[in-house]
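Letters A, B, C, D and E mark the chains as written, and numbering starts fresh at 1 in each.
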Amino acid sequence: MQIAKVRGTVVSTQKDPTLRGAKLLLLQFVDETGQLLPKYEVAADTSVGAGLDEWVLVSRGSAARQVSGSEHRPIDAMVVGIIDTVSVDNQLLYSKKDQYRT
Amino acid sequence: MQIAKVRGTVVSTQKDPTLRGAKLLLLQFVDETGQLLPKYEVAADTSVGAGLDEWVLVSRGSAARQVSGSEHRPIDAMVVGIIDTVSVDNQLLYSKKDQYRT
Amino acid sequence: MQIAKVRGTVVSTQKDPTLRGAKLLLLQFVDETGQLLPKYEVAADTSVGAGLDEWVLVSRGSAARQVSGSEHRPIDAMVVGIIDTVSVDNQLLYSKKDQYRT
Amino acid sequence: MQIAKVRGTVVSTQKDPTLRGAKLLLLQFVDETGQLLPKYEVAADTSVGAGLDEWVLVSRGSAARQVSGSEHRPIDAMVVGIIDTVSVDNQLLYSKKDQYRT
Amino acid sequence: MQIAKVRGTVVSTQKDPTLRGAKLLLLQFVDETGQLLPKYEVAADTSVGAGLDEWVLVSRGSAARQVSGSEHRPIDAMVVGIIDTVSVDNQLLYSKKDQYRT
């Protein structure tokens, strides 16, 4: 999985019918030092409810369809968790509570 | 999923029989600031009907086959929606209606 | 899918038994302006019959196994069509008939 | 599969329910000379029990779900082994026992 | 599929039980001119028996599990053939017999 920051939303009304009801978030990937990377992904969020600026865990490929209700949706990226903390070498790199960022 | 702009079409008559009837669009990827990237994909459009210059949402990998009727087609990229708006940090990056582009 | 040019062939006799009979082509990817990219792929061609220098459409990942007869072959790239034309912004980028190349 | 070093952990409480109980490790990829690459992955470790600084083998894509108990989890990267040795040209590049690193 | 050279082996005893008996080879990718690329992969070899320095064909993703006996193994890269020859523009780029390399 990858770590990404929620940067915005994508709206599409003329779409595959099975995508109705699936919120589409614009995510920007974060590297292992916490810096934003020039790489983004549009991911569905059907069960977690992530908000703007939150760090999330995103699954891609066929894993994205393993979330209940999305087994037959043409979705290749899915938010599967809101991140509380990221630790590297036992040091806190990120903490949602304190918005702690080295 | 990725955001891409419809740049053209690809025609192939000598092809796998299951691909008959699947329109093939030449898409160019767009980055999170709305700039065209030097990266393209040929995607099938079997249900959305996207036109030239429209911004679309494209699913890749096995997700591309989850669109009804394509379950057994050798397709690895599919247009799954025409994009109405893209917002970043609550700012409108793109809006189909006004062809609004920062 | 990607657009590629057939550049050669790969022969392997000591291989997984299910690969017997599958012609293996060496493809080089083409970018959206028609230039060859320093990136290649070995793809099976079990149903199209592409020849040297032809532009082809190649599907990768599990899509490659959706071609009839290859469902259980360890193949991750398959030629699924010979390209007749590629148009960008309503301009002909490539045409097999006239070997037209901007 | 890829070789990576365990660099830390990721904690997420608000997540897809099927991810409960799956430890999430922050891995950094290692190149063929044993150097750390500026590339990381968050992988689940549900059966191996890798520790900080250990070199591990990581499987990605649908392979990650082939570990018993994870068949229907939205996981796209899984630790599938702790590495004892890596040899290149019959020379030991890495050995867990002696923490031998050329 | 990709062309790679067998450069070494990876040993892991503490691993997913289904990986027992699967030889793990360290492969380095080769580009279309036959040069080694700074990119490697750890692939299983359960049916071909490739040796050090041999050029092999490697399948990745779910294709890797299509080799008999590996359907439910968490393997995402598999050696599926030892390469005899690679020809580009009807010229021999590589031949196993003569170890011919332009």
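Note that contacts are C-beta pairs under 8 Å (C-beta built on N, C-alpha and C of every residue); 3 or more make two chains touch, one makes a residue touch a chain.
Each chain and its UniProt protein: A, B, C, D, E = Carboxysome shell vertex protein CcmL.
Not measured: the values here are computed from a predicted model.
S.K.: How many links in the shortest chain of touching chains run from chain C to chain E?
M.R.: Between chain C and chain E, the shortest chain-hopping route counts 1.
S.K.: If you average the CA atoms of chain A and of chain B, how many Å lie between those two points?
M.R.: It comes to 21 Å between the two C-alpha centres.
S.K.: Go ahead and note the Å separation of the Cα centroids belonging to chain B and chain D.
M.R.: Distance between chain centres: 33 Å.
S.K.: Hey, what residues on chain B touch two or more of the other chains?
M.R.: In chain B, 61-62, 64-65 touch at least two other chains.
S.K.: Given which chains touch which, is the overall layout a line, a ring, a star, complete, or other?
M.R.: Ring.
S.K.: Report the order of chains around the ring; begin at chain B and proceed in the direction of chain C.
M.R.: B, C, E, D, A
S.K.: Please give the residue numbers of chain D that touch chain A in the complex, ascending.
M.R.: Answer in residue numbers: 7-19, 24, 26, 28, 38, 40-44, 52, 61-62, 64-65, 72-77.
S.K.: What residues on chain A touch chain D, complex-wise?
M.R.: 1-3, 31-32, 47-49, 57, 59-68, 78, 80-90, 93
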